[in-house]
Amino acid sequence: MPIVTIQITREGSTPGASAATAEEKAALIKGVSELLRDVLNKPLTSTFVVIDEVETENWGRGGLPVEKFRQQQSGQAPE
Amino acid sequence: MPIVTIQITREGSTPGASAATAEEKAALIKGVSELLRDVLNKPLTSTFVVIDEVETENWGRGGLPVEKFRQQQSGQAPE
Amino acid sequence: MPIVTIQITREGSTPGASAATAEEKAALIKGVSELLRDVLNKPLTSTFVVIDEVETENWGRGGLPVEKFRQQQSGQAPE
Amino acid sequence: MPIVTIQITREGSTPGASAATAEEKAALIKGVSELLRDVLNKPLTSTFVVIDEVETENWGRGGLPVEKFRQQQSGQAPE
Amino acid sequence: MPIVTIQITREGSTPGASAATAEEKAALIKGVSELLRDVLNKPLTSTFVVIDEVETENWGRGGLPVEKFRQQQSGQAPE
Amino acid sequence: MPIVTIQITREGSTPGASAATAEEKAALIKGVSELLRDVLNKPLTSTFVVIDEVETENWGRGGLPVEKFRQQQSGQAPE
């Protein structure tokens, strides 16, 4: 009876989107539940998934808020 | 000095309510703090409680967002 | 379908015990699941509980590891 | 830069195993990182995964420690 | 590659502020990332920080929602 | 009354050490508690710190267990 917590920044993955869509969230829930079934034989119904969307101002990397970190890293692949 | 985290879906427990009420949250805080005092002798003041309300679209079970899971299970007790 | 996480220091609640006993853990699981049923109408089977035991050296309060904090506070109720 | 936390009971998925194997853990890490890349366009290197193995005595469901819950449910698919 | 989660109540640290400011959050991210570099030699870029702001109604101490706990403790230093 | 959770891999920061030492943990607890006092005016006694040491086999990055990720990245700064 696994619990999976997925923490992501609250922002869209495509132009114009301001957050993950309901379809993207459903795909994450489906995919990770199937992964636990396939790897550890956990029945789908026994896996709980929680998606935690974090404001970009509340996420840090490299000692900086994430948007400043990305500016600093620009020229590299976005993260 | 325990820390208790209670994760629930953001929805009401009675018709018309869209979330747990302040009274329900206070009852959770009181109840779980008293439980830790009674079972492990932890003083009330040393227990921290955090209630984390999760949008139903961000909660998954059975490989589905929770509202679709409940529709699939309908006829069974609601969860 | 709530998830409750209870974080406690790994130590006994009675002389001679070095950790919470299986009976104490079962009492925590039972008590918190019943609390969610009573306050929010959540069926017992839909509540998951995880107890996380943390070494005292890994728990801090007052800017100190918890055992030093307790020595500093001695004369007050233990936490 | 997502963070995924996977909480599972510490027990084997096959007879004789007492915990998830290193190969199973690697498969979880690979699978969930690829899922975030495929669904949200997150580069593999920006996803962190933490697997948290919880003793069965520390995991509760249905108001019971999980092994007692499973005995109560026997006849159903294991969880 | 540490992950640091900072949970705080959503409220201001100065009169008129209703939440931690972007500058305060940036200072937390910078400070804790430098701490991990200085104490454990972790490169700045490998530390992730997540700040989780919790409504005061969702935070409990002493068996009470935190604002009632503070009223009860008034005369002592605010927490 | 903040709660800070610091997740690190269980390994030493110096040759011969297999984990963070008690002194390093105390320095993390002290440093982060002082940071919250300095930035948000939180009294030292109201900050809880939990250090969570994770086996390297249970930590993933880049779709790989962390030790394999580091081998893949060798030539870069260690993380």
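A few comments on the model shown:
Per-chain residue numbering starts at 1, and chain names A, B, C, D, E and F are given in the order in which the chains are listed.
Here, a residue touches a chain if its C-beta (ideal position, glycine included) is under 8 Å from a C-beta of that chain, and two chains touch if they have at least 3 such contacts.
What you are looking at is a predicted structure, and each value in this text was computed from that prediction instead of being measured.
Hopping across touching chains, the smallest step count from chain A to chain F is 2. Among the remaining chains, the Cα-based centre furthest from that of chain F is the centre of B.
Chain copies chain B and chain E are related through a rotation whose angle, from the C-alpha fit, is 120° to the nearest 5. Of all the chains, the one whose CA centre sits at the greatest distance from that of chain A is C. By the residue-number overlap criterion, the interface of chain B with chain C counts as same, with over half of its numbers used by both chains. Taking D-E and A-B together, the pair of chains sharing more C-beta contacts is A-B.
In this assembly, the C-alpha centroid of chain B lies 29 Å from the C-alpha centroid of chain F.
Per-chain CA centroids place chain C at a distance of 22 Å from chain D. Per-chain CA centroids place chain A at a distance of 17 Å from chain D. The set of chain B residues touching two or more other chains comprises 1, 3, 7, 28, 32, 45, 48, 50, 59, 61.
Chain-to-chain contact here is organised irregularly, matching neither a line nor a ring nor a star, and falling short of all pairs touching.
Pairs of chains that satisfy the touch definition comprise A-B, A-C, A-D, A-E, B-C, B-E, B-F, C-D, C-F, D-E, D-F, E-F. By the touch criterion stated above, chain B contacts chain F in their complex at residues 1, 3, 48, 50. Interface residues of chain A, counted against chain D in their complex, comprise 1-9, 13, 20, 24, 27-28, 31-32, 35-36, 38-43, 45-46, 59, 61, 66, 77-79.
Chain C contributes residues 22, 25-26, 28-30, 32-34, 44-45, 47-53 to its touches with chain D in the complex. Residues of chain E that touch chain B in their complex: 7, 54, 57-65, 68.
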